[in-house]
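Which chain is which? They are A, B and C, in the order written, and residues in each are numbered from 1.
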Amino acid sequence: MQSKPIALTILDVVSIIVLGISTYLALVFAPTEAVMGEVQRVFYFHIGTAWIGLLGFIIAAIAGITYLVTKDLKWDRFEVAAVEVSTVFFFLTIVLGSIWARPAWNTWWTWDPRLTTAAVTELIYIAYFMLRQGIDDPDKRARFGALYTLLGGISAPITFMVIRLFRTIHPVVIGNQSAAAQGGFSMSSDMKVAFFFALFAFTVIFVDLIWHRVRLGALQEKVEQLKLKLSD
Amino acid sequence: MTDKKSHPSLLGATLAIVQKDLAAEFRSRELFSAMLVFSLLVIIIFNFALELDIEVRRTVAAGVLWTTFAFAGTLGLNRSMAVEKDRGCMDGLLLAPVDRSAIFFGKAISNLVFMLVVEAIVLPVYALLYDEMRIFQPGFLGVILLGSIGYIGVGTLLSTMSVQTRMREVLLPILLFPIAIPVLLAAVKASSGILSGAEWAEIVTPINILILYDVVFIAVPYMFFDAVVEE
Amino acid sequence: MIEVRKLVKRFGLKAVLRGLDFTVQPGEFVALLGPNGAGKTTFLRILASLSRPSLGEVRVAGYSLPNEAAQVRARLGVVSHMPLLYPDLTAEENLRFYARMYGLENQSARITEVLEMVGLEKRRGDLVRTFSRGMQQRLAIGRAVIHDPEVMLFDEPYTGLDQDASEMLDEVLKSVAARGRTVVMTSHDLARAEDLATRFDILSRGVIAASTTQAELKNTNLLAYYKQALAD
């Protein structure tokens, strides 16, 4: 518990290595896309960050439900870790997407379902942190937090469904031919290598970050415990 | 040991809470007047902010109305829960031998009635001001009802949470709006579709989403209300 | 009537009650005394079923908490420093509301009876917001006994009352609330506690540190005993 586990150190190194390889694949190995040019390369990381943002979101909701059932604060730490990592990576996704959207759609931002849902999700996360900040009792904080991630986890997909009724120009990258006009494209096999490796790399990074954050939460609790012992 | 004491039924306790809330509100009218005056002010501000000429009005009527209802709704939700919290009455409710879901349903139904009463006054005023008689059709009113149910369902749960935090009233809209976006947008989509006389095929999806949202956001607070009021 | 074994209540890591044992016989009137932060209010909220014990056994009126909370609640009345009344309802409407929440029969007869007991029958149709603090507290006692509970809990009932109102409250507490019932009261007012209670328990650092009875106190006064107990 006190010293850093060796497996975590190994995972840190692996994370850096796969991030390096993924960068190489995205920026050098993958061929330049014919229509959009070099800016399309941002897409590999865009998908990678979006994937773990989504993964964190789902894991947070599951950890929230598990906490509500078991009342074990371990799940609360897990939930906070997932929300924090997801907040950062959804934000990166939005930024990377904007960099791509400027030349492709001729605008930084558009009220498309995916973009809007991502933005709303970020707002849910901010509300989540504000909610937790306003509660002193750790059990109540964990309970309210868990319930709020659960509500967010249910409402975000419905938000997506609703906004799709309004309109979309976001490309559906995989398996949709008519999307080409909106900036979609079909991938060559080298692109697919870069694409799937990016997904893999970011998943490794995700596990690494969550592990660190959960461990940090446990250490914080340990510090609190020691403080209480001193004050007794 | 057998339990000889009588316990009220779920329905009985729910009705007791609703009648208590309505009796107090019809006497003081604090909540109604606040919600109502606020709604009218929002409509006036929209009128000038959006330059609501005839053309624009036709397309944004539903949006203006739903924004107004959403803001007025948070006022009502906050006030209704503050009444319970400020004088310890929430403890009084929790001390009674009733299921916690009776408290949720009681408060939710009172909140819904408050919101519907305000809507029932705001809609004719809006219709008069803008000569917009199309809003008095069953489809449009049905959407208002569906949207209000979902909004109040999740709003009652979240106001019970926010009133227990340090930021209290300020926190409710921040918690509520991102979660309530689906119900607000689906209601806007459905009601503006009805106003513009769109085909049934075009409005059936938002209405289905509204119903889905209503069911889910009554079921989830019902299941987890304990977790919000216990210590 | 009340049995508490090894009760622990934690808020997060901080233990407020630490293995507290506590027993009250039927008909006893126990005053819980102790410095601020000793856990008096927390303990009373657990007895009232408003707060869950972290560990340990709690039985009130023959039922265990929190599993049989509904049965306990039907047999329990609480008077706190807040009136738990709705200012925009009349005295009668407030009592009727609580009568319905307890599922009582013959509500009108019981309401009249209770109003007479607390001396408010002439004000039954007046809004509670027009009542003085002392009258509100008397009505609060009426509310607490409406379902004829076996066990009463008083949580700092004198807070915010002046001398006259406190004396009147004394009368009502003795004649209405305490008569024939088992009572646990927390108070800062040692003189009033000495007057009312038959037993005095001193809560300190999350356990009952000392206990004495009216009979044992004969030669010394409660204040001296209290100081002695806290010094040990």
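A few points about this structure:
To be clear about the criterion, a residue touches a chain if its C-beta (ideal position, glycine included) is under 8 Å from a C-beta of that chain, and two chains touch if they have at least 3 such contacts.
Keep in mind that this is a model prediction, so the values were computed, not measured.
Centroid distances from subunit A, each centroid being the mean of CA atoms, peak for C. Taking A-B and A-C together, the chain pair joined by more C-beta contacts is A-B.
Taking each chain's centre as the average of its CA atoms, subunit B and subunit C sit 37 Å apart. Rounded to whole angstrom, the centroid-to-centroid distance between subunit A and subunit B, based on C-alpha atoms, equals 32 Å.
The geometric centre of subunit A is 51 Å away from that of subunit C, both derived from CA atoms. Within subunit B, contacts with two or more other chains are made by residues 231. Residue positions 137 of subunit A each touch two or more of the other chains. Of all residues in subunit A, only 68, 120, 123-124, 126-127, 130-131, 133-137, 140, 143-144, 146-148, 150-152, 154-155, 158-159, 161-163, 165-166 touch subunit B in the complex they form.
For subunit B in complex with subunit A, the touching residues are 154, 157-158, 161-162, 164-167, 171, 174-175, 177-182, 185-186, 189, 205-206, 209, 212-213, 216-217, 220, 224, 227-228, 231. Across the complex, subunit C meets subunit A through its residues 11-14.
By the touch criterion given at the top, residues 1, 3, 5-9, 12-13, 15-17, 19-20, 23-25, 27-28, 83, 87-89, 91-99, 230-231 of subunit B touch subunit C in their complex.
Remark: subunit A residues 73, 137-139, 221, 224-225, 228 touch subunit C in the complex.
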